[in-house]
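One chain, subunit A, links the two complexes that follow: it is found with subunit B in the first and with subunit C in the second.
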Partner chain A sequence: MRSELRVLFGRPRTWAMLLALAAIPILIAVAVRLSSEPPGPGEGPPFLDRVTQNGLFVGMTALVVSIPLFLPLTVGVVAGDTIAGEASLGTLRYLLVAPAGRVRLLVVKYVAAAVFCLAATLTVVVVGALVGLALFGAGPATLLSGDTVGVGESAVRALLVAVYVTVSLLGLSAVGLFVSTLTEVPVGAMAATVVLSVVAQVLGQLDQLAWLHPWLFSRHWLGFADLLRQPVSWDSFGDNALLQAGYVAVFGALAYGRFVTKDVLS
Partner chain B sequence: MKRPSVRWAPAVVVPAVIATGALISSAGAGAADLEPRTPAQVLALLAASDVQAFAGTLEQTSELGLPTLPDGALAGSAEGSAATAVLELLTGERTARVYADGPSNLRVQVFDTLTERDVVRRGDEVWLYDYEANEATRLELPDAPAGHAASLPGAGTPDGVPTPAELADRFVALVDDTTEVAVGAGVVVAGRDAYDLVLSPRSADTLIGSVVIAVDAETGLPLSVAVHARGQEEPAARVAFTRLTLGAPDPALFSFTPPPGAQVEEVEPPQPGLRPPAGTGLDRLPAVALPTVTGSGWDTVVALPAAAVPPELAKAPLVAQLTRAVDGGRALETAVVTVLLTEDGRALVGAVPLERLQDVAAGR
Partner chain C sequence: MTGGSSPAEPAIRTRGLTKRFGQQAAVDGIDLSVPSGAVFGFLGPNGSGKTTTIRVLLGLAAATSGETSVLGQPMPRALADVLPRVGALVEGPAFYPFLSGTANLQRLDAADRRASPASRHQRVAAALERVGLGHAATKRVRAYSLGMKQRLGIAGALLSPRDLLVLDEPTNGLDPQGTREVRELVRSLAADGATVFVSSHLLAEVEQMCTHVGVMSAGRLVAQGTLDELRGGGEAHVRVRTPDVGTARSALAGLGLVLVQATGAAPSDRAADDAGEGSRDGVVEAVLDGAAPPPERIVEALVAAGTRVRGFAVERATLEDRFMALTGEGFDVVG
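And then the complex of A and B:
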């Protein structure tokens, strides 16, 4: 497990993706700072006009911006690479020669992908918070309900939001893991995973498919705002966790079925 | 080495388990085992309810059959914001939290994606807050009339005032001319057992099939209200608690201080007995523009004379999109309400089919 994480975070590609994610809050904060007049209420992405009051909101704005594409993109790359990457490098059969077993390999690969989800989300939130604090300073944060909380509690809320978004991405990681067992071409698995995440969001926009919406893994992706209400509304956190757990179970089982019956030739 | 079919077993079993679980949780929401009661008893229960302190989550769904407007269709138009706000209420789903403690402490939070609107009332002070616009509005309610306190629930029942049970009996008798009242099967709403009170119109001329109120078996608090249209499986509109806690919520919820940076506005409350203040548009309504009411009960049709209908209404792009041209004007048809804008500028509204509105408009 430790070696798997070392491999994942030893790759220049992983760091490049995290850097790209870190660039989003930095760009937002610098743009707001340099613009001559502060953004008015309701302008630009949500939370943007609150950035100047409290730097922590840079992280929130960056999350809203990156949830539709950037986060699924990086998670798709990591999750799609899990099995197919080893297969394409020809290292998969060596891993399977070791007595670790296929199930364990699958679990280790998935946990590594999940750790990357957390790292990616934390990157956006923490870098956003740091940049925001540096450029705008800390102030009392206004929650969605209009109540004001101090810096300490707003930091706790920001971390909770990071956890929420990480959980949101676990389902997509499981889908990526399954797709990765289907092919030996990692790029194909990555692309398929990213495309699936976009398709899920497009389907979520179509009112005609309302019956399908509760089953889409992207259903609660923007629900993290419920953690910024006063008092905290845990309903969407619970719904989201249940939904993602369902995806992990289904696609984990599919990946298991596929991977343990697969002839590993490379 | 096990056979491949065994290896695939989890991939079949897991979705099956999830599907079963989903089916059970949606079907299990019904059926509560309650002692049978007559409609009058349930009405009495409803009338006797004096729950004043609770915290709950409400969910509102609408299936009115309104045409879906493309996003941004209203952007930039003058009537945009107000009209979209109304349309939003009439379409789709919405979640709100309600906190109440006594008659004068109330907080309502309407959840939207990434934003929220709040109403906070504490005593005579009311705050409205809109997070997205970052606007806080304060208004002071006029003092309650002196006799008001006595009429509050729980303030005692002086002699001569009917008991809730009597009231319920009278109510049943009253509604019985136009409405059939029945008690449906027990249901579970927000985890509480409740009686379904079913009000069905006797008139065949209305679009409304029935109104169903779930009355909490223990406290008599209405837990959900659903309006069913004729021939439509899903309720046309439903408001229901998904979560309910009885007892006083945290008092801090009822105090509101506008957040720093918010735009604060004071609004003068309308004084009773005075003309509406100039500039609100209300004072420009001519006194003769009173609506005429045709019929009674469920198939009532309300007709606004041309003078009360802004002439530019029929030409507004939003109205043009929502309505369709019919014999005698333009009509908006939903599952439970029909609106007819006649060519001579009148507006007719009713929970009736379009033909009846046309008949009334033509004076038949």
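And then the complex of A and C:
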């Protein structure tokens, strides 16, 4: 496991993606800072109007901006690469002969992808918070319920949101893992995973497919607003966690079924 | 070494092992038997199924039919118990180009759950030293040459003490020093009691280091046995170099030997031949079967018949001759 993380984070590509994610809150903060008028309520992405009150909200705004594409993109790259990447390098055969054990390898790969999800969301939130604090300071923040909370409390809320978004991405990671066992071409697996995440979101927009909506892994992606109320409403967190767990179970099982019987010919 | 299989038991044994890719049988019902402690040369032209066989032996691919046992245990059932005792190089080395040689080996070592993390550092350093990569250990593999990667691959196979080494073309891309070191390495591993299963195209290489040989052709195992048995399967020849081709031929025929070919002086040159010392030599070759008289008698007979013998040799068929006879001369890949 430690060695898996070392490979993941020893890789320039991983850092490039995290850097790109870090750039999003920086851009937002700088843009808000440079504009002469503070954004009015309801303008631009959610939470943007709160940014000037409390710098921590830069991270939150950046998350909202990244959820539809940037986060799924990076997660798709990591999850799609899990097995297919090893296969295309040829290292898969050496890991299996070592022997790593196919099930163990699959589990380790998935956990590493999950760790990346956490690293990615934390990058956005933490970099956002730091930049926000530097540019706007840390005033008391008004929650969506109208209550005002102090800096410590809002930092906790920011971390909660990061956890929520991480959980949101677990289902997509499982899908990516499964796709990755189907091919030896990592780019294909990455692209397929990212495309699936976009398709899920598009389907979620179509009212004609309302029956399908509860089953889409992207269903609760933007539902973390409940964590910004007083008292915290855990309903959407629970629903989201359950849905993602379902995806992990189903696609984990599919990946298992595919990978344990697969001929490794690369 | 950890032992576990009795010496009488073959290190690798397959029965009717078949692997199909769609319609094509890449490996077609082979009965392989690699004695424990042997250095087994696995030969065959391109596409004859060597790598595919190795993949099936190591559990990377599932056999279509047939039975396999490795180190006395049924495969792929006992995979988890057998593989830690097997070091392998399959179809060239493969590494993470963005990691150093050391980091690559550490990861490979970490993949084996039974390898103790405490001594990992030591094992990796020892393996690198053994293949002469001590100085390039911290370099990224991206910057390695072909031969350096090959060496690193061999180091990976040697991380832990192994009872069986499966090396698919280990000398591919190595310089003469590297080739020679691999040969030495194989010998020293065998001396430690390990079985080495090595596939190769380099017949001279195999002839120098192997005790046993198996030959694949178009998915079938067309011969296997000790090196001597295999070479012995081809007959010995006597080769006489002489200007007196005609007399030599009749003398050999007189001894009951079957002539193979005569080159050099043609009958019309006979007059020139008889002219003396400076005339051109021809070569007369005959099959030396079990019934033939000993070589010294043959020379006597030749001389008695008035042949000027300028060269005389008894030659066993080389492995190459046998290989060609078994797999055909054609250059086209079957498949």
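Basically, the second predicted complex is superposed on the first by the 266 of 266 C-alpha atoms of A that agree within 3 Å, B and C clash if a C-alpha of one lies under 4 Å from a C-alpha of the other, contacts with A are read in each partner's own complex, and residues count from 1 in each chain.
Simple rule for what comes next: contacts are C-beta pairs under 8 Å (C-beta built on N, C-alpha and C of every residue); 3 or more make two chains touch, one makes a residue touch a chain.
Here the structure is a predicted model, which means the values were calculated and not measured.
Of the two partner chains placed by superposition, A:Leu34 touches none, neither subunit B nor subunit C.
When the two complexes are overlaid on their common chain A, residue A:Thr261 makes contact with subunit B and with subunit C alike. By the touch criterion defined above, A:Leu89 reaches subunit C but does not reach subunit B. By the touch criterion defined above, A:Leu144 lies against subunit B but remains apart from subunit C after alignment on the C-alpha atoms of chain A. Shared-chain residue A:Val97: touches subunit C; no touch with subunit B. Considering which of subunit B and subunit C touches more of subunit A, the answer is B. Annotation: subunit A residues 261 touch subunit B in one complex and subunit C in the other. Those residues of subunit B that touch subunit A in the complex are listed here as 4, 7-11, 13-15, 18, 57, 68, 92, 97, 109, 111, 113-116, 118, 120, 127, 129, 131-136, 242-243, 250, 253, 256-263.
Residues 41-42, 46-47, 49-50, 53, 64, 139-140, 142, 144-148, 207, 222, 225-226, 229-231, 233, 235, 246, 249-250, 252-254, 256-258, 260-261 of subunit A are the ones touching subunit B in the complex. Residue ranges on subunit C touching subunit A, taken from their complex, read 55, 58-62, 79-80, 83-84, 86, 88, 90-99, 103, 106-113, 156. Taken together, the subunit A residues at the contact with subunit C in this complex read 2-3, 6-7, 10-12, 89-91, 93-101, 104-105, 261, 263-265.
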